[in-house]
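Same chain, two partners: chain A is paired with chain B first, then with chain C.
Moving on, here comes the complex of A and B:
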């Protein structure tokens, strides 16, 4: 009997094209839009050699030291500047006006910088000029104190730049913040799955739909009918989420870290969470379907917003200033689980998220059971 | 005009849900515009950009303190708890871009010419990383040189010397170019975001009415009325245009309330003109959708895809300069792209001669072309439908 109900519920659900659209196609489309809009954001952050110019006047030609330093930082793979040499000031200004360069240096008693805007590239240029000026001021003050320093290889030491910082990675994964958008998208898709759960509960409450009235007539234990139906809903949602995951991973090349098994497990738990959430809300709200849909929609959207789907830093702000809200938001739990899997080497935080989700699932399921059980309809 | 009146009735009956839409999207528009604008607020004098740095020092020596002070010139220090996950979180969400850890015994090692290194955790290859590196490396390299060539100087003296050397800064001239008042203003972001708000509100509102009229029995009833199809259509279009005009006026009025300063400029006229043309375009698109779709559920799906999609790829949510060229090429097949293009150009207008305006009018004409195309298409489809019915 269980299989029978399961199969027919499955057929019944999968024919609801609208639900399939919202739970499968819509997240895929949104993921595609995300990909198109955000794929370049990380490149924007990457350091590119700055387009800078220097005015090649007589002062610059005589200032051999500055000249050689400029040439030094403008060659090689890790160069700081993409240097252009302007034959005179007018030319440099023309380039600046046309946005061909970010700024230009002029040599003289002090090095001067001319820019058009304030920004990080301009600040780097200024820091560079500051550094040059500071080094010469240091040489002057050392020589004043200790004239022999020059013979002792002061200039040599100056040129012999030593690196005092080494890069250590925080974890095995890169801090690619765009990923959070995709993680919260999957979380949203799981919670959209609550519509399946809602449909299940609606279809066993005889006072709400005709179909439920018919089902209630049948000599089948209600819990059995409900469980079989919920399983069908869960299977559909889980497969949908897997399709979405596969599309993101292999179609759009979104990274999920190396622990594929855990990612699939998270998808499964997320699906259960979605279905049980929908069932619970649907059982709790006695009024019409419109209100139920609106509630699920608002809850999912608000949850997604708070976990950073529209504005990424939201997730961090919530975690920093209102931590309880982060733990009580199912969308955030799911997002954070994916994030923890990708970003952390330890599974501690992931386990916490998963545990919290289990608590939610138990709460929703018990709630639904207590509300739906033993409901009799004397007349409808 | 019975059809017109009926349309008004339908609008009035749905006014709550429609005004809810207007209110929600308005709130989002205002929030987003505000948050983007504050980042862009730039003064006219040069101020050094500050990187967000977390400095964790395992020792406290005069040199590390001096270093902290010098680094503060180019960085904002962010206080973070020294736990791996907290640090990693902050880096992921760009609350800091550079985490620097000074190990114990580092100062002494530098002064003795040793090879100990500090540890940094950064967003790999980022610009801010390069920026902070310059300043960090310099300080310690100088300390090393002082220690070598003035061996008698105490640590405090070195710090003092360094402070003296590092004070003063390179003179920077800002070539003050003419900057339009509306550049990067609230108005610019608001009008950009209007593309999303207007699309959502108009497609929802207009299709709601159209779907009522397209109900099979109702449309059959209308066909056998003694009114000419042309008259019915004209009234429908008029009613929809009125709705569009009112929504547009409300949305523009809010911009006036929130950023009245920009309203004193000439640029705003072009913003308004541009958005009016866009409104016309989206109205005819909504009319087309209304003619094509039969039920409300399908409509909300179509509405979502058609409003979100073009907005994502044409630079409403993420500015066009951050999008890659292929995406922009695809986007140029949507009116939203041209609307945003025109907006960006209008915002930076300082002269209002034909040569400056040409590109703007070009974009506007394209949007107008889209409007006419959608409109013609919906007339053809409407006609076909009538014949089939």
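Moving on, here comes the complex of A and C:
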């Protein structure tokens, strides 16, 4: 009997094109749009060498110290400048005018920096020039007043930077601002699975549909029929989420860290959460299907917004100012579980998220059971 | 008794939907539950089936108390809802198979029963069709097939012919008679008196949640004073002649409306002859003339003072 109901519920659900669109195709489309919109977000935050120039006049030729420093900061993978050498000042000014460089240095008694605009690159160039001037002047003064200092390793000490703040990273993964968008998208897709749960309750409550009244008249325990239908809904949603995960991972190259097993487990728990959430809301709200869909849509979208799907900082604002809301938002729990798996080496935070999701699932299932188990209706 | 209902009371707030309803339905009969919309027919059915809770009363089916988890009773009941209750995502065959499968586990037997149900409602050619591709009449037939495929002993049909074309309606009514001939007890609710009159061996007329009359159609008609209704198409009849007509023996009432003379007579055999003699004697010209026996609507009208379809 269970298998019979499962198979037919599976057919009913999978043939519902609207539901399949919203729970599978829509998240895939949205993920693609996210990818197109956010793919350069991380690149923009990565430091790019500054296009700079130096005037190769006689002063520069003779200032071996400055020449050496400029050559050193303009080579290697982490170089500061993408340095061009201008044969004279006019050529450098021409480059500056044509925006080929952000600014140029001129040697002399004092190192001069010429820029056209203001901006981050120009500020970095100024800081560099200031620091060079300070260090150079300090060495010159010390050498004049205490030449022995050179023998005591002064130059080595000047080259060393010591930091007094110890940096501790949460995990071995690279921080990535964009990932949160995709993780909250998966969470949203899981919660869209609530539509499947809603459909199952709708088709089991005799006071909502005539089909359900007919099922209620059959010699089958109502909860058995509901369980079989919910399993069908869960299988469909879980497969959809796996397809979405595969598309994000292999199609859009979104990283989920190295713990694939836990990622799949999270997808499964998220699917159960989505179906049970929809079933609970559908059982609770006695009005028409339209209102139920609207409620589920609003709850899911609001949860997604608060978990940072539309505005990433929202997640951090909620965590900072209204932390209970972060723990009471199922979408956020799922999003955070994925992020914890990606970023943290420890599973502590992930386990907390998972634990809260289990609590929600127990709450939704118990609530649904208590409402749906009623065997006679006051009105039909 | 297949169904025994005693003193059933169902209230929706202040409204008394069923007012001490009592019914006894015998095995093998086609039992008609007739009443206008809102008279409590569907509420009675839903209470009998334990879908609806009720405030007071007893319901027994097959001699056992009916409860929501009385699965042994439910196994032998087939229900055809007032509204079409099928899944849009399943084909005709799959819909029947799904509902039949809730009663019959054996696959081979189920296949046979589904084929029989398809043949019964003449939907064999539509087995792969989805419900949205079916006409209203075909949908109603599918709705019936889903309710009867498992060969129940008791079939409850709640207004199965609402919004159905005459051809499909006839097929449905014929099908119900065949089901009864095969041994099923039928409970048929409707507000179409012609259907109930044509089909049912025993009838209960309901109004405001109460049984106002019950019996065979002959017994019901015998309850009222009206014996015959004679309609005469006539253009000219004066008030004096009308008064004389009313005074004739056996005549209960006379009305002249829209160039029609409607004469209601009491029980007797020569009423038409008496009226014709009167028309000839008084040289009253007339066109067509026809006589009707009382209908269930007349029964309802005489008992409640209102039309069945009000």
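In this text, the second predicted complex is superposed on the first by the 297 of 380 C-alpha atoms of A that agree within 3 Å, B and C clash if a C-alpha of one lies under 4 Å from a C-alpha of the other, contacts with A are read in each partner's own complex, and residues count from 1 in each chain.
Note that a contact is a pair of C-beta atoms (placed from the backbone, for glycine too) under 8 Å apart; a residue touches a chain by one contact, two chains touch by 3 or more.
Nothing here was measured: the structure is a model prediction, and the numbers come from that model.
When the two structures are aligned on the shared chain, A:11 is found in touch with chain C, with no touch to chain B. Residue contacts after overlaying the shared chain place A:115 against chain B, while chain C stays out of touching range. Judged by the touch definition given at the top, the superposed model places A:377 against chain C, while chain B stays out of reach. In the superposition on chain A, contact is made by A:221 with chain C only, not with chain B. Touch criterion met: A:209 reaches chain C, while chain B stays clear of it.
For chain A, the partner that touches more of its residues is B, with chain B and chain C as the two candidates.
In the superposition on chain A, contact of A:89 is made with neither chain B nor chain C. Once the two complexes are overlaid on chain A, none of the chain A residues touched by chain B in the first is touched by chain C in the second. Those residues of chain A whose C-beta lies close enough to touch chain B in the complex are 18, 21-22, 26, 29-30, 33-34, 36-41, 44-48, 80, 93, 96-97, 110-124, 126-131, 133-135, 137-138, 141-142, 145-146, 149, 152, 154, 157-158, 161-171, 174-175, 177, 180, 311-313, 315-316, 319, 339, 343-344, 349.
Chain C meets chain A in the complex at residues 12, 46, 49-53, 67-69, 71-72, 74-75, 77, 79, 81-87, 89-90, 94, 97-99, 101-103, 105, 146-147. Taken in their complex, chain A has these residues touching chain C: 1, 4-5, 8, 11-13, 15-16, 206, 209-211, 213-221, 225, 375-380. Across the complex, chain B meets chain A through its residues 35, 42-43, 46-49, 51, 74, 84-85, 87-95, 99-100, 110, 115, 117-131, 133-138, 140-142, 144-146, 148-150, 161-162, 164-166, 168-175, 177, 297-298, 301, 304-305, 308-309, 312-313, 317-318, 322-324, 327, 330.
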